[in-house]
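One structure coming up, written as C-alpha coordinates, with questions to follow.
In order of appearance the chains are A, B, C and D, and numbering begins at 1 in each one.
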Amino acid sequence: MIDLLYFAWVRERVGAPRERLETQAATVMELIAELKQREERYAWAFGDLTSLRVAVDQELASFEAPLAGVREVAFFPPMTGG
Amino acid sequence: MIDLLYFAWVRERVGAPRERLETQAATVMELIAELKQREERYAWAFGDLTSLRVAVDQELASFEAPLAGVREVAFFPPMTGG
Amino acid sequence: MQVSVQSEPFDLGVLTSAFAARVAGAGAVVTFTGLVRDNDGQLAAMEIEHYPGMTEKAITAMVDQATARWSLADALVVHRYGRLAGGEAIMMVATASRHRADAFAAAEFLMDYLKSRAPFWKKELSADGSAWVAAREEDETALKRW
Amino acid sequence: MQVSVQSEPFDLGVLTSAFAARVAGAGAVVTFTGLVRDNDGQLAAMEIEHYPGMTEKAITAMVDQATARWSLADALVVHRYGRLAGGEAIMMVATASRHRADAFAAAEFLMDYLKSRAPFWKKELSADGSAWVAAREEDETALKRW
(Lines give C-alpha, C1' and ligand atoms only; values in the text may rest on other atoms or scores of the structure.)
Protein backbone atom coordinates (compact mmCIF):
# COMPACT_ATOMS: atom_id res chain seq x y z
CA MET A 1 0.00 0.00 0.00
CA ILE A 2 1.25 3.44 -0.96
CA ASP A 3 -0.05 6.76 0.33
CA LEU A 4 -0.68 9.16 -2.51
CA LEU A 5 -0.73 12.86 -1.74
CA TYR A 6 -1.86 15.66 -4.05
CA PHE A 7 -1.22 19.36 -3.68
CA ALA A 8 -2.39 22.62 -5.25
CA TRP A 9 -4.13 22.19 -8.62
CA VAL A 10 -3.20 18.52 -8.79
CA ARG A 11 -5.25 18.08 -5.60
CA GLU A 12 -8.09 20.13 -7.05
CA ARG A 13 -8.17 18.10 -10.26
CA VAL A 14 -7.93 14.75 -8.52
CA GLY A 15 -10.59 15.96 -6.09
CA ALA A 16 -8.88 14.70 -2.92
CA PRO A 17 -5.79 15.56 -0.88
CA ARG A 18 -4.74 11.94 -0.36
CA GLU A 19 -5.65 8.31 -0.86
CA ARG A 20 -4.14 4.86 -0.32
CA LEU A 21 -3.45 2.61 -3.25
CA GLU A 22 -2.53 -1.00 -3.79
CA THR A 23 -0.32 -0.96 -6.86
CA GLN A 24 2.10 -3.16 -8.81
CA ALA A 25 3.70 -0.14 -10.46
CA ALA A 26 7.49 -0.38 -10.33
CA THR A 27 8.20 3.30 -10.96
CA VAL A 28 6.52 6.65 -10.54
CA MET A 29 5.93 6.72 -14.29
CA GLU A 30 4.10 3.39 -14.20
CA LEU A 31 2.03 4.66 -11.27
CA ILE A 32 1.04 7.74 -13.25
CA ALA A 33 0.07 5.57 -16.22
CA GLU A 34 -2.05 3.39 -13.94
CA LEU A 35 -3.81 6.38 -12.37
CA LYS A 36 -4.49 8.03 -15.74
CA GLN A 37 -6.33 4.92 -16.88
CA ARG A 38 -8.53 4.81 -13.78
CA GLU A 39 -10.58 7.93 -14.20
CA GLU A 40 -10.84 11.09 -16.24
CA ARG A 41 -9.92 13.32 -13.27
CA TYR A 42 -6.49 11.62 -13.05
CA ALA A 43 -5.95 11.98 -16.77
CA TRP A 44 -6.70 15.67 -16.29
CA ALA A 45 -4.37 16.04 -13.31
CA PHE A 46 -1.51 14.15 -14.93
CA GLY A 47 -2.04 15.27 -18.53
CA ASP A 48 0.99 17.54 -18.71
CA LEU A 49 4.04 15.98 -17.11
CA THR A 50 6.21 19.03 -17.75
CA SER A 51 4.22 20.89 -15.11
CA LEU A 52 4.14 18.00 -12.68
CA ARG A 53 6.61 17.37 -9.88
CA VAL A 54 6.90 14.33 -7.64
CA ALA A 55 8.25 13.58 -4.18
CA VAL A 56 8.95 10.03 -3.07
CA ASP A 57 8.96 9.58 0.70
CA GLN A 58 9.17 13.36 1.03
CA GLU A 59 12.19 13.82 -1.22
CA LEU A 60 11.97 15.32 -4.69
CA ALA A 61 12.36 12.55 -7.24
CA SER A 62 12.27 11.88 -10.95
CA PHE A 63 9.48 10.06 -12.78
CA GLU A 64 11.86 7.13 -13.16
CA ALA A 65 12.19 6.70 -9.39
CA PRO A 66 11.50 3.08 -8.28
CA LEU A 67 8.62 2.44 -5.89
CA ALA A 68 9.95 -0.65 -4.10
CA GLY A 69 9.65 -0.08 -0.36
CA VAL A 70 8.17 3.39 -0.84
CA ARG A 71 5.43 4.50 1.57
CA GLU A 72 4.44 7.90 0.26
CA VAL A 73 4.31 9.51 -3.18
CA ALA A 74 3.24 13.13 -3.62
CA PHE A 75 2.27 14.88 -6.85
CA PHE A 76 2.16 18.62 -7.24
CA PRO A 77 2.88 21.50 -9.60
CA PRO A 78 6.22 23.36 -9.59
CA MET A 79 6.68 24.87 -6.16
CA THR A 80 6.12 28.55 -5.51
CA GLY A 81 7.56 29.22 -2.10
CA GLY A 82 9.46 32.24 -0.87
CA MET B 1 42.00 80.64 0.13
CA ILE B 2 41.32 76.95 0.26
CA ASP B 3 39.92 75.01 3.22
CA LEU B 4 41.96 71.88 3.83
CA LEU B 5 40.31 69.01 5.73
CA TYR B 6 42.01 65.94 7.14
CA PHE B 7 40.39 62.73 8.32
CA ALA B 8 41.36 59.57 10.19
CA TRP B 9 45.12 58.94 10.36
CA VAL B 10 45.83 61.77 7.94
CA ARG B 11 44.24 64.09 10.51
CA GLU B 12 46.23 62.48 13.30
CA ARG B 13 49.52 62.86 11.45
CA VAL B 14 48.87 66.44 10.38
CA GLY B 15 47.72 67.12 13.92
CA ALA B 16 44.63 69.14 13.01
CA PRO B 17 41.22 68.44 11.45
CA ARG B 18 41.30 71.52 9.18
CA GLU B 19 43.13 74.66 8.20
CA ARG B 20 42.92 77.45 5.65
CA LEU B 21 45.67 77.94 3.11
CA GLU B 22 46.65 80.55 0.56
CA THR B 23 48.21 78.60 -2.27
CA GLN B 24 49.29 78.96 -5.87
CA ALA B 25 49.12 75.22 -6.47
CA ALA B 26 47.28 74.47 -9.71
CA THR B 27 46.47 70.85 -8.93
CA VAL B 28 46.00 68.59 -5.93
CA MET B 29 49.40 67.08 -6.64
CA GLU B 30 51.07 70.49 -6.52
CA LEU B 31 49.26 71.23 -3.27
CA ILE B 32 50.56 67.99 -1.74
CA ALA B 33 54.11 68.82 -2.83
CA GLU B 34 53.77 72.27 -1.27
CA LEU B 35 52.47 70.84 2.02
CA LYS B 36 55.17 68.17 2.21
CA GLN B 37 57.86 70.84 2.01
CA ARG B 38 56.32 72.89 4.83
CA GLU B 39 56.77 70.55 7.78
CA GLU B 40 57.74 67.03 8.69
CA ARG B 41 54.20 66.14 9.86
CA TYR B 42 52.86 66.77 6.32
CA ALA B 43 55.64 64.70 4.79
CA TRP B 44 54.56 61.92 7.18
CA ALA B 45 50.86 62.27 6.36
CA PHE B 46 51.39 62.44 2.60
CA GLY B 47 54.33 60.06 2.33
CA ASP B 48 52.45 57.18 0.73
CA LEU B 49 50.10 58.38 -1.98
CA THR B 50 48.77 54.89 -2.70
CA SER B 51 46.99 54.97 0.65
CA LEU B 52 45.77 58.54 0.28
CA ARG B 53 42.43 59.63 -1.16
CA VAL B 54 41.25 63.13 -1.97
CA ALA B 55 37.92 64.90 -2.30
CA VAL B 56 37.64 68.26 -4.05
CA ASP B 57 34.60 70.27 -3.01
CA GLN B 58 33.18 67.12 -1.42
CA GLU B 59 33.52 64.93 -4.50
CA LEU B 60 36.12 62.18 -4.82
CA ALA B 61 38.83 63.37 -7.19
CA SER B 62 42.19 62.37 -8.63
CA PHE B 63 45.53 63.88 -7.68
CA GLU B 64 45.53 65.59 -11.07
CA ALA B 65 42.34 67.51 -10.30
CA PRO B 66 42.72 71.27 -10.90
CA LEU B 67 42.24 73.65 -7.97
CA ALA B 68 40.99 76.72 -9.84
CA GLY B 69 37.81 77.95 -8.12
CA VAL B 70 37.96 75.16 -5.54
CA ARG B 71 36.92 75.98 -1.96
CA GLU B 72 37.54 72.76 -0.08
CA VAL B 73 40.07 69.92 -0.42
CA ALA B 74 39.94 66.91 1.91
CA PHE B 75 42.64 64.27 2.41
CA PHE B 76 41.98 60.89 3.99
CA PRO B 77 42.82 57.18 3.86
CA PRO B 78 40.74 54.68 1.85
CA MET B 79 37.22 54.76 3.25
CA THR B 80 35.93 52.03 5.53
CA GLY B 81 32.18 52.55 5.75
CA GLY B 82 29.43 49.98 5.88
CA MET C 1 19.79 27.52 13.06
CA GLN C 2 16.07 28.29 13.29
CA VAL C 3 13.45 26.93 10.90
CA SER C 4 9.78 27.62 11.44
CA VAL C 5 6.84 26.68 9.20
CA GLN C 6 3.78 28.28 10.73
CA SER C 7 0.32 29.61 10.03
CA GLU C 8 0.60 32.42 12.58
CA PRO C 9 1.81 35.85 11.50
CA PHE C 10 5.34 36.76 12.60
CA ASP C 11 6.78 40.10 13.59
CA LEU C 12 9.55 40.91 11.13
CA GLY C 13 11.02 43.63 13.32
CA VAL C 14 11.11 41.52 16.47
CA LEU C 15 12.63 38.52 14.66
CA THR C 16 15.23 40.69 12.91
CA SER C 17 16.25 42.37 16.18
CA ALA C 18 16.45 39.06 18.03
CA PHE C 19 18.49 37.47 15.25
CA ALA C 20 20.95 40.39 15.13
CA ALA C 21 21.25 40.34 18.93
CA ARG C 22 22.11 36.67 19.08
CA VAL C 23 24.72 36.83 16.32
CA ALA C 24 26.23 40.04 17.69
CA GLY C 25 29.82 39.99 16.70
CA ALA C 26 29.26 38.25 13.38
CA GLY C 27 29.50 41.64 11.71
CA ALA C 28 27.06 41.18 8.82
CA VAL C 29 23.36 40.32 8.87
CA VAL C 30 21.24 39.99 5.72
CA THR C 31 17.49 39.52 5.75
CA PHE C 32 15.01 38.87 2.99
CA THR C 33 11.29 39.29 3.53
CA GLY C 34 8.56 38.30 1.09
CA LEU C 35 5.30 40.23 1.36
CA VAL C 36 1.90 39.55 -0.18
CA ARG C 37 2.23 41.69 -3.26
CA ASP C 38 0.18 44.53 -4.55
CA ASN C 39 -1.28 43.79 -7.99
CA ASP C 40 -1.94 46.98 -9.88
CA GLY C 41 -2.70 48.91 -6.75
CA GLN C 42 -4.97 46.26 -5.27
CA LEU C 43 -3.61 44.28 -2.36
CA ALA C 44 -4.39 40.63 -2.98
CA ALA C 45 -4.98 38.03 -0.33
CA MET C 46 -3.13 34.77 -0.58
CA GLU C 47 -3.71 31.15 0.35
CA ILE C 48 -0.53 29.12 0.83
CA GLU C 49 -0.60 25.34 0.81
CA HIS C 50 2.35 23.25 1.89
CA TYR C 51 3.36 19.64 2.41
CA PRO C 52 3.52 19.03 6.17
CA GLY C 53 6.35 16.68 6.98
CA MET C 54 8.35 17.42 3.88
CA THR C 55 8.46 21.19 4.23
CA GLU C 56 10.58 21.52 7.35
CA LYS C 57 12.78 18.66 6.22
CA ALA C 58 13.41 20.33 2.84
CA ILE C 59 14.12 23.74 4.39
CA THR C 60 16.43 22.28 7.03
CA ALA C 61 18.38 20.52 4.26
CA MET C 62 18.73 23.84 2.41
CA VAL C 63 20.01 25.60 5.52
CA ASP C 64 22.46 22.74 6.12
CA GLN C 65 23.72 23.14 2.56
CA ALA C 66 24.12 26.89 3.01
CA THR C 67 25.96 26.37 6.28
CA ALA C 68 28.33 23.88 4.65
CA ARG C 69 29.00 26.19 1.74
CA TRP C 70 29.42 29.57 3.41
CA SER C 71 30.89 30.66 6.68
CA LEU C 72 27.71 31.48 8.61
CA ALA C 73 27.35 32.39 12.27
CA ASP C 74 23.63 31.60 12.07
CA ALA C 75 20.67 31.30 9.71
CA LEU C 76 16.92 31.60 10.12
CA VAL C 77 13.98 30.70 7.87
CA VAL C 78 10.37 31.43 8.77
CA HIS C 79 7.64 30.58 6.25
CA ARG C 80 3.92 30.91 6.70
CA TYR C 81 1.11 28.85 5.21
CA GLY C 82 -2.65 29.29 5.21
CA ARG C 83 -4.56 32.50 4.53
CA LEU C 84 -2.61 35.77 4.34
CA ALA C 85 -3.94 39.26 3.86
CA GLY C 86 -2.48 41.82 1.46
CA GLY C 87 0.77 43.34 2.70
CA GLU C 88 1.41 40.61 5.26
CA ALA C 89 4.84 39.00 5.48
CA ILE C 90 4.85 35.55 3.84
CA MET C 91 8.33 34.51 4.88
CA MET C 92 11.73 35.70 5.90
CA VAL C 93 15.30 34.51 5.70
CA ALA C 94 18.14 35.85 7.82
CA THR C 95 21.83 35.03 7.59
CA ALA C 96 24.79 36.20 9.64
CA SER C 97 28.47 36.06 8.82
CA ARG C 98 31.74 37.85 9.49
CA HIS C 99 31.77 39.30 5.99
CA ARG C 100 28.89 40.52 3.91
CA ALA C 101 29.66 38.44 0.82
CA ASP C 102 28.89 35.20 2.65
CA ALA C 103 25.74 36.55 4.27
CA PHE C 104 24.42 37.87 0.95
CA ALA C 105 25.29 34.72 -1.01
CA ALA C 106 23.72 32.41 1.57
CA ALA C 107 20.53 34.50 1.73
CA GLU C 108 20.19 34.48 -2.06
CA PHE C 109 20.91 30.77 -2.22
CA LEU C 110 18.25 30.07 0.41
CA MET C 111 15.73 32.25 -1.40
CA ASP C 112 16.41 30.60 -4.75
CA TYR C 113 15.91 27.17 -3.20
CA LEU C 114 12.87 28.16 -1.15
CA LYS C 115 11.22 29.56 -4.29
CA SER C 116 11.52 26.41 -6.35
CA ARG C 117 12.41 23.51 -4.06
CA ALA C 118 10.39 23.98 -0.88
CA PRO C 119 6.92 22.43 -1.13
CA PHE C 120 4.76 25.56 -0.97
CA TRP C 121 2.08 26.56 -3.45
CA LYS C 122 0.57 30.02 -3.54
CA LYS C 123 -2.93 30.86 -4.63
CA GLU C 124 -3.81 34.50 -5.20
CA LEU C 125 -7.26 35.54 -4.17
CA SER C 126 -8.83 38.64 -5.65
CA ALA C 127 -12.28 40.06 -6.29
CA ASP C 128 -12.24 38.27 -9.66
CA GLY C 129 -11.62 34.85 -8.18
CA SER C 130 -8.52 32.84 -7.39
CA ALA C 131 -5.56 31.52 -9.32
CA TRP C 132 -2.53 29.40 -8.51
CA VAL C 133 0.65 31.42 -8.84
CA ALA C 134 2.67 30.00 -11.74
CA ALA C 135 6.33 29.17 -11.21
CA ARG C 136 8.57 31.66 -12.98
CA GLU C 137 11.09 30.55 -15.56
CA GLU C 138 13.64 32.90 -13.96
CA ASP C 139 13.27 31.14 -10.62
CA GLU C 140 14.27 27.82 -12.14
CA THR C 141 17.13 29.49 -13.99
CA ALA C 142 18.30 31.18 -10.78
CA LEU C 143 19.10 27.77 -9.28
CA LYS C 144 21.71 27.08 -11.94
CA ARG C 145 24.15 29.62 -10.54
CA TRP C 146 24.76 27.63 -7.36
CA MET D 1 14.20 57.23 -0.21
CA GLN D 2 15.53 57.72 3.30
CA VAL D 3 19.15 58.57 4.12
CA SER D 4 20.25 59.23 7.67
CA VAL D 5 23.76 59.84 9.00
CA GLN D 6 23.49 59.98 12.74
CA SER D 7 25.36 59.48 16.00
CA GLU D 8 22.29 58.12 17.82
CA PRO D 9 21.69 54.35 17.94
CA PHE D 10 18.85 53.09 15.75
CA ASP D 11 16.42 50.27 16.34
CA LEU D 12 16.96 47.72 13.57
CA GLY D 13 13.65 45.96 14.24
CA VAL D 14 11.57 49.12 14.27
CA LEU D 15 13.21 50.48 11.09
CA THR D 16 12.84 47.15 9.30
CA SER D 17 9.15 46.85 10.24
CA ALA D 18 8.41 50.44 9.25
CA PHE D 19 10.22 50.03 5.92
CA ALA D 20 8.37 46.80 5.10
CA ALA D 21 5.05 48.41 6.07
CA ARG D 22 5.50 51.39 3.81
CA VAL D 23 6.54 49.33 0.79
CA ALA D 24 3.80 46.76 1.37
CA GLY D 25 2.95 45.43 -2.01
CA ALA D 26 6.48 45.60 -3.36
CA GLY D 27 6.84 41.91 -2.62
CA ALA D 28 10.54 41.71 -1.75
CA VAL D 29 12.48 43.48 0.98
CA VAL D 30 16.22 42.98 1.57
CA THR D 31 18.10 44.43 4.52
CA PHE D 32 21.75 44.45 5.41
CA THR D 33 22.96 45.36 8.87
CA GLY D 34 26.53 45.88 9.93
CA LEU D 35 27.33 45.23 13.58
CA VAL D 36 30.41 46.07 15.63
CA ARG D 37 32.24 42.80 15.26
CA ASP D 38 33.51 40.35 17.77
CA ASN D 39 37.30 39.89 17.55
CA ASP D 40 38.35 36.53 18.87
CA GLY D 41 35.58 36.45 21.39
CA GLN D 42 36.08 39.98 22.60
CA LEU D 43 33.53 42.56 21.57
CA ALA D 44 35.42 45.64 20.43
CA ALA D 45 34.20 49.19 20.67
CA MET D 46 34.45 51.39 17.63
CA GLU D 47 34.91 55.04 16.84
CA ILE D 48 33.58 56.12 13.45
CA GLU D 49 34.67 59.37 11.87
CA HIS D 50 32.95 60.83 8.86
CA TYR D 51 33.03 63.89 6.60
CA PRO D 52 29.97 65.99 7.46
CA GLY D 53 28.61 67.60 4.33
CA MET D 54 30.07 65.06 1.94
CA THR D 55 28.68 61.93 3.61
CA GLU D 56 24.97 62.46 3.01
CA LYS D 57 25.66 63.81 -0.45
CA ALA D 58 27.73 60.74 -1.37
CA ILE D 59 25.16 58.29 0.03
CA THR D 60 22.27 60.06 -1.68
CA ALA D 61 24.15 59.83 -4.99
CA MET D 62 24.63 56.08 -4.44
CA VAL D 63 20.94 55.58 -3.73
CA ASP D 64 20.05 57.63 -6.83
CA GLN D 65 22.32 55.39 -8.89
CA ALA D 66 20.74 52.25 -7.44
CA THR D 67 17.26 53.61 -8.12
CA ALA D 68 18.18 54.39 -11.72
CA ARG D 69 19.67 50.97 -12.26
CA TRP D 70 17.15 48.69 -10.57
CA SER D 71 13.41 48.77 -10.24
CA LEU D 72 13.06 49.78 -6.59
CA ALA D 73 9.94 50.67 -4.68
CA ASP D 74 12.06 52.27 -1.96
CA ALA D 75 15.53 52.33 -0.41
CA LEU D 76 16.90 53.28 2.98
CA VAL D 77 20.41 53.87 4.31
CA VAL D 78 21.15 54.64 7.96
CA HIS D 79 24.79 55.00 9.04
CA ARG D 80 26.08 55.93 12.45
CA TYR D 81 29.21 57.81 13.41
CA GLY D 82 30.88 58.46 16.77
CA ARG D 83 31.45 55.95 19.51
CA LEU D 84 29.79 52.51 19.25
CA ALA D 85 29.86 49.68 21.74
CA GLY D 86 30.48 46.04 20.82
CA GLY D 87 27.49 44.37 19.18
CA GLU D 88 25.79 47.66 18.29
CA ALA D 89 24.44 48.22 14.79
CA ILE D 90 26.75 50.44 12.75
CA MET D 91 24.54 50.84 9.72
CA MET D 92 21.74 49.34 7.73
CA VAL D 93 20.54 49.30 4.16
CA ALA D 94 17.05 48.30 3.07
CA THR D 95 15.74 47.90 -0.47
CA ALA D 96 12.30 46.96 -1.75
CA SER D 97 11.29 45.72 -5.15
CA ARG D 98 8.68 43.58 -6.89
CA HIS D 99 11.19 40.80 -7.44
CA ARG D 100 13.97 39.65 -5.19
CA ALA D 101 16.76 39.87 -7.75
CA ASP D 102 16.48 43.67 -7.93
CA ALA D 103 16.24 44.08 -4.15
CA PHE D 104 19.30 41.86 -3.57
CA ALA D 105 21.40 43.46 -6.32
CA ALA D 106 20.60 47.00 -5.17
CA ALA D 107 21.40 46.16 -1.54
CA GLU D 108 24.74 44.60 -2.50
CA PHE D 109 25.56 47.52 -4.78
CA LEU D 110 24.81 50.00 -2.00
CA MET D 111 26.91 48.01 0.47
CA ASP D 112 29.86 47.80 -1.92
CA TYR D 113 29.74 51.56 -2.49
CA LEU D 114 29.19 52.42 1.17
CA LYS D 115 32.21 50.32 2.11
CA SER D 116 34.67 52.04 -0.19
CA ARG D 117 33.13 55.29 -1.43
CA ALA D 118 31.27 56.81 1.51
CA PRO D 119 33.55 58.98 3.67
CA PHE D 120 33.58 56.97 6.88
CA TRP D 121 36.63 55.75 8.74
CA LYS D 122 36.48 53.16 11.48
CA LYS D 123 38.82 52.91 14.42
CA GLU D 124 38.69 49.78 16.54
CA LEU D 125 39.19 50.28 20.25
CA SER D 126 40.31 47.40 22.41
CA ALA D 127 42.09 46.86 25.69
CA ASP D 128 45.39 46.90 23.77
CA GLY D 129 44.79 50.30 22.25
CA SER D 130 43.22 51.55 19.05
CA ALA D 131 43.81 51.02 15.35
CA TRP D 132 42.28 52.36 12.17
CA VAL D 133 40.51 49.64 10.26
CA ALA D 134 42.38 49.04 6.99
CA ALA D 135 40.44 49.00 3.75
CA ARG D 136 40.18 45.48 2.37
CA GLU D 137 41.44 44.61 -1.08
CA GLU D 138 38.25 42.59 -1.66
CA ASP D 139 36.12 45.66 -1.02
CA GLU D 140 37.82 47.57 -3.78
CA THR D 141 37.57 44.54 -6.08
CA ALA D 142 33.87 44.16 -5.25
CA LEU D 143 33.15 47.52 -6.91
CA LYS D 144 34.34 46.25 -10.28
CA ARG D 145 31.34 44.01 -10.77
CA TRP D 146 28.90 46.93 -11.07
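Going forward, a contact is a pair of C-beta atoms (placed from the backbone, for glycine too) under 8 Å apart; a residue touches a chain by one contact, two chains touch by 3 or more.
Keep in mind it's a predicted model, so treat the numbers as computed, not measured.
**Student:** Of all the other chains, whose mean CA position lies farthest from chain D?
**Tutor:** Most distant chain from chain D: A.
**Student:** Would you kindly tell me how far, in whole Å, the mean C-alpha position of chain C lies from that of chain A?
**Tutor:** About 26 Å, centre to centre.
**Student:** Could you state the distance in Å from the CA-based centre of chain B to that of chain C?
**Tutor:** 48
**Student:** Measuring centre to centre with CA averages, how many angstrom lie between chain C and chain D?
**Tutor:** Result: the chain centres lie 22 Å from each other.
**Student:** Spell out, as numbers or ranges, the residues of chain B touching 2 or more other chains.
**Tutor:** Within chain B, residues 82 contact more than one other chain.
**Student:** When you check chain C against every other chain, which residues touch at least two of them?
**Tutor:** 34, 100, 111, in rising order.
**Student:** Edges wherever two chains touch, nodes for the chains themselves; is that graph a line, a ring, a star, complete, or other here?
**Tutor:** line
**Student:** What chain pairs are in touch here?
**Tutor:** By the stated definition, chains touch in these pairs: A-C, B-D, C-D.
**Student:** Touching chain D in the complex: which residues of chain C?
**Tutor:** Going through chain C, the ones touching chain D are 11-18, 20-21, 23-35, 37-38, 43, 86-87, 89, 98-101, 103-104, 107-108, 111, 138, 142.
**Student:** Okay, in this complex, where on chain A does chain C touch?
**Tutor:** 5, 7-9, 11, 55, 58-60, 74, 76-82
**Student:** Give the list of chain C residues in touch with chain A in this complex.
**Tutor:** Those residues of chain C that touch chain A are 34, 49-51, 53-54, 57-58, 79, 90-91, 111, 114-123, 132-135, 140.
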